[in-house]
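By letter and in written order, the chains are A, B, C and D; residue numbering begins at 1 in each of them.
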Amino acid sequence: MGKEFTFKVKVYYEDTDAGGIVYYANYLKFLERARSEAIYLLGFSNKKLLDEFGSLIIVKSCNIKYFKPAKLEEVLNVISNIKIITQTSFIMNQIIKRNDETITEAEVHLVVVNSEGRPIKIPNIFESKLKEYL
Amino acid sequence: MGKEFTFKVKVYYEDTDAGGIVYYANYLKFLERARSEAIYLLGFSNKKLLDEFGSLIIVKSCNIKYFKPAKLEEVLNVISNIKIITQTSFIMNQIIKRNDETITEAEVHLVVVNSEGRPIKIPNIFESKLKEYL
Amino acid sequence: MGKEFTFKVKVYYEDTDAGGIVYYANYLKFLERARSEAIYLLGFSNKKLLDEFGSLIIVKSCNIKYFKPAKLEEVLNVISNIKIITQTSFIMNQIIKRNDETITEAEVHLVVVNSEGRPIKIPNIFESKLKEYL
Amino acid sequence: MGKEFTFKVKVYYEDTDAGGIVYYANYLKFLERARSEAIYLLGFSNKKLLDEFGSLIIVKSCNIKYFKPAKLEEVLNVISNIKIITQTSFIMNQIIKRNDETITEAEVHLVVVNSEGRPIKIPNIFESKLKEYL
């Protein structure tokens, strides 16, 4: 049982669409904010990974299921877990909840790449931090 | 072999991020524009479905794979196919290409719902149009 | 000298563009989040205004000046002041700062309208709250 | 009387918000798409300006007025005029119309900068093209 990261998001007008609910692509923004803050809690950041290791984390795939719609000015929690770590990549499970209700659930495959976009071995110090949360 | 819909998209600054490439959530906007135009070619529109049938098309799930990054001012083609039609839903396969190169590929599960968000039988006239493209 | 509202924003990938900086339209999202939270601090919300008074706050004009670019993972402060209150509208001055440096400054004219989009007298209880911050 | 550029935009779900209308920041995306295509018609592009002259066009200020709301699946025209050209900058007037009705009008001040963000003399060949449209 790994540790998990919880990140709070509030829904503003920018996130919604004419259907009165959060636009389906915008949940991916919430997921990415939560991942950025999870990485920050591990002592890293996208900026630090780039500056110190010349590496970027890119999304290889995202499988998202929409269960319930979220609405204007609701407060949501994004709960992120690291599921699998490989040489060059890791998989996160991310659930967006409104209180106890699951709004969406996503499995996101992330790959560490160099500035040319080639997958590279996850920097050791970052990998060992990730493993603590496995 | 079903018919397919092709929709052209140009990448503007709004679509890109500080990585110099299209932001991963923004491809879902391209996919949705292409679906809207596909529905328009069938003689329908989101507005018409709402006004005449009180129904909306919502995304139930989206499984997207990112193969290559797209960049500023590139012109992309979104190629959409209808794969499966059920009583209340249909599945589309959508591929985004830059010339012959596949940028992303997504399987999108769409459900027809009423104004309360409940799945409903796809309106007959819309269903028969969808089936022509199966 | 009126009171002011301060709201913290962090820059994520979604906010940036291929120029490596925050995309010019996205600052308007930061401004709107800050206004929403200011209204919330007054004991209101867009939802509450709609539910209880059938009224919406819309933007009539926005005059924004860009002084410095903001970058990925920077933390910004949006400082909002109410400048003028009329029968149906109010003007806010909003400054986005990175530490002591001004990133952008905007003057935003907001109008209270009914569900048909017609300007209406600002609800008394909301007006008196706004006036406390003038 | 200068020449003008007309660019067609269709409103998709991504552009709208829970108020049922185009979100106020998203009009700035429409304006920027129209400017990109105007520059393209002059034989340039943001990419070309960067590759050949090491220069970028940035927005210094944007004064936008919102007259009427635009709605889902409406087709709009962005009409852009070059008003003033200085050594390092130019001002465009941009009007968004739905048929004959003005939706928004903006005055946008654009500056040509180098890779460090410093204003530079507009490249001669680009300047002479701009002047043809004055």
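Definition applied: a contact is a pair of C-beta atoms (placed from the backbone, for glycine too) under 8 Å apart; a residue touches a chain by one contact, two chains touch by 3 or more.
Everything numeric here is computed off the predicted structure, so don't read it as measured data.
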Higher-contact pair (C-beta pairs counted), C-D versus A-D: C-D
Label of the chain whose CA centroid is most distant from the centroid of chain A: D
Chain A and chain D, separation of their C-alpha mean positions in angstrom: 34
Length of the line joining the C-alpha centres of chain C and chain D, rounded to whole Å: 24
Per-residue multi-chain contacts in chain A, two or more chains: 13-14, 19, 25, 29, 32, 72
In the complex, chain B residues that touch chain D: 12-14, 29, 32-33, 36, 45-47, 72-73
Interfacial residue positions of chain C with respect to chain D in the complex: 19, 24-26, 28-29, 32, 56, 58-66, 69, 117
Residue ranges of chain A touching chain D (in the complex, touch as defined): 13-14, 16-21, 23, 25, 71-72
